[in-house]
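Which chain is which? They are A, B and C, in the order written, and residues in each are numbered from 1.
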Amino acid sequence: MDIKYFLSEAWIARSALFEGMLSTLEISLIAILVGSLLGVFVGLLLTYGNIYLRFLIRIYTDFLRGTPVFVLILACFYILSIIGIQLNAFQAGVFALTLFCSSHVGEIFRGALLAIPVGQTEASKSIGLTFRQTFFSVLLPQALRQILPTWVNTATEIVKASTLLSIIGVAELLLSAQQIISRNFLSLEFYFFVGFLYFLINYSIEKLGRYFERKVAIPS
Amino acid sequence: MNIGQNMSSPLLKIENLHKSFGALEVLRGVDLTVSKGEVVSLIGSSGSGKTTSLRCVNLLEDYDDGVVAIDGEQIGYQTGNGNRIRRSEKEIAAQRSMTGMVFQQFNLFPHISALDNVTLGLIKVKKLGKVEATAVAERWLERVGLIDHRNHFPSQMSGGQQQRVAIARAIAMSPKLMLFDEVTSALDPELVSEVLNVIQDLATEGMTMLLVTHEMQFAHEVSNKVVFMHEGKIVEEGPPKIIFKNPETRRLAEFLKRSKF
Amino acid sequence: MNYNFNFDAVWRNFDLLMSGLGLGLALALVSIAIGCVLGLLVAFGMISKNRFLRVISGIYISWIRNTPILVLILFVYFALPQTGFMLGKIESFIFTLSIYSGAYLAEVFRSGLVSLSPGIRESGLAIGLTEFKIKRYLIIPIMFRNVLPSLSNNFISLFKDTSLAAAIAVPELTFYARKINVETFRVIETWLVASAIYIVACYAIAALLRSFERKLAIPGRGHK
């Protein structure tokens, strides 16, 4: 394994790698942000919705969680264009990852809401807060602190799942690396390098998460 | 609607209160009045319905039949033409600010400071400005002896301190009636008296109070009237001297014996 | 939207899908079994007094858990052969999934071990058992029962990861679904059925593992 050769090849390919990295980050960011927002909504409906709503949402989450991400991505990729929604591979992939994220976040948000002692709602009621006020001032702050570690975990799962978009032809980091490898056959070096880049991204997300955990932690 | 209060009509009037949890009838026709400035203690064994009655007053529990009214205004429902309609959530929330409740498990909001716990209701419900709310809150925290802890979080305080903040939180809302649900039962014994002292002070200043308690000695000292409940009904009621020293009913006598009073 | 649903194409190829499912389950079973052994060793490594073992175990877990599984699969199948380490498709996938499982299961076992009361080991020592026997007859059985729910979640997750074998053309369920999709253009039907098969399989596995949990449960413990 020639380090010098690898480094020179990496340098030559730096813009492709950089573009790929940006694409990966873009995919992940959109999926995580939109998916989490959707997930909070899903969690709310699962906790406070009436029985019919809860049933429908349950089907939604069970469907998304019982299906492998890969199948979800392929399904969105092939199906959406058939039913008239013209999405390119990037958009279809991000769509699939967003749905995937929403089901996970919905589940953990619901868990967090259920974990809040009922006494909190009772105390809020007893001082005359409406449900809306109770939710935003009392329940949400506690639930968000509770789900932070798990949510960070979900975020790293999305970043890892973004690699699957390479299979439907989206030019994110992994596909970019594969295209480079097809030119110079340095598969060992570049797969390892790209693996390392993903490791860096996820490690940074974890570190960021722990920083925020400490920042919003309740003093004790 | 407000019928208007004259000096002799009670602040809290409970008439023929009925409540069932599924097949289990927990309240079987409870009649109770609390006049302005009166301190009433509810005693009885577990399952007697005393806590459920208390929680019907601020509609933390819905009741199936009967009337609960504060200053003539029926809580939670409106009766018209013999039919009972539940009020809107907004109306109920507004009604709840007529009462203040202190819980056995304190139920302080853990993510905000003691001061913020007290100002939350003042700002969101009473619509006070931050400065005014803080002033009111600090006055009450001072009254319960915790002004130095105002920026502490619940997890940084002892049980007795948390419960005193909970009292401040409830009473800062200027309720007409304070409800206490076994507020010392979850406290370590040495922390009980600091809370009871605060309640005693409030009573002396004329706060109308309804307490559910196991602290017989305290009930004897602070109450104007003691009400003994058993299996969903009021069995005996009267001034503490009579209730505790000369119980009329056998049930009450047995209960007092078992409570070692 | 003009789409005529026609499930015939899918039913005709149902046997292919089922064989794919079978292969997927087999891949999962073998990989998870190896992963359990690996995970257990690494978990003990994480709590070992030996600093080197702790560091190595930590690096392994951290590295694998933060790397996308697809990158690992491609690395093992396409890149490793350059060093002479060549494996067939299926062996390569099992190798990758085993190492992948090991990292995740190690974390489950580690937290299970750490939450055990030290009294178990001490009473074992007191009756004269060796460290190894204590691990074999006391620590591992008790810890295993404690972590069963968490283990089940991981097993199901790893089963779903077998879908990635399709990326290196291993003939499991997703591979066949894609093949049928491309050949018959019955897009919605194919993916609906494939998805349904995975969902049902996951439910079945979950139910099986739950009955295991109940069978192995320590009487009197846990929620009623």
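Worth pointing out:
Throughout what follows, a residue touches a chain if its C-beta (ideal position, glycine included) is under 8 Å from a C-beta of that chain, and two chains touch if they have at least 3 such contacts.
All of these numbers come straight from a predicted model, not from anything done at the bench.
Contact topology of the protein chains: linear, an open path with no closing contact. Chain-level centrality, scored on Cα centres against the all-protein Cα centre, points to A.
Of the two chain pairs shown, A-B and A-C, the one joined by more C-beta contacts is A-C. Chain centres here are Cα means. That of subunit B falls 54 Å from that of subunit C. For this pair, subunit A with subunit B, the centres built from the Cα atoms lie 47 Å apart.
Between the CA-based centres of subunit A and subunit C the separation comes to 21 Å, rounded to the whole angstrom. Only residues 62-63, 66-72, 74-75, 78-79, 82-84, 156, 159-164, 166-167, 174, 178, 181, 187-188, 191-192, 194-195, 198-199, 202-203, 206 of subunit A touch subunit C when the two sit together in their complex. Of all residues in subunit B, those touching subunit A in their complex are 58, 60, 89-90, 93-94, 96-97, 99-101, 103, 105, 107-112, 120-121, 124-125, 153, 155-156, 166, 169-170, 173, 179. Interface of subunit A with subunit B (complex): residues 117, 119-120, 122-123, 125-131, 133, 137-138, 141-142, 145, 218-220. Residues 1, 3, 62-63, 66-72, 74-75, 78-80, 82-83, 160-164, 166-167, 174, 177-178, 181, 187-188, 191, 194-195, 198-199, 202-203 of subunit C touch subunit A in their complex.
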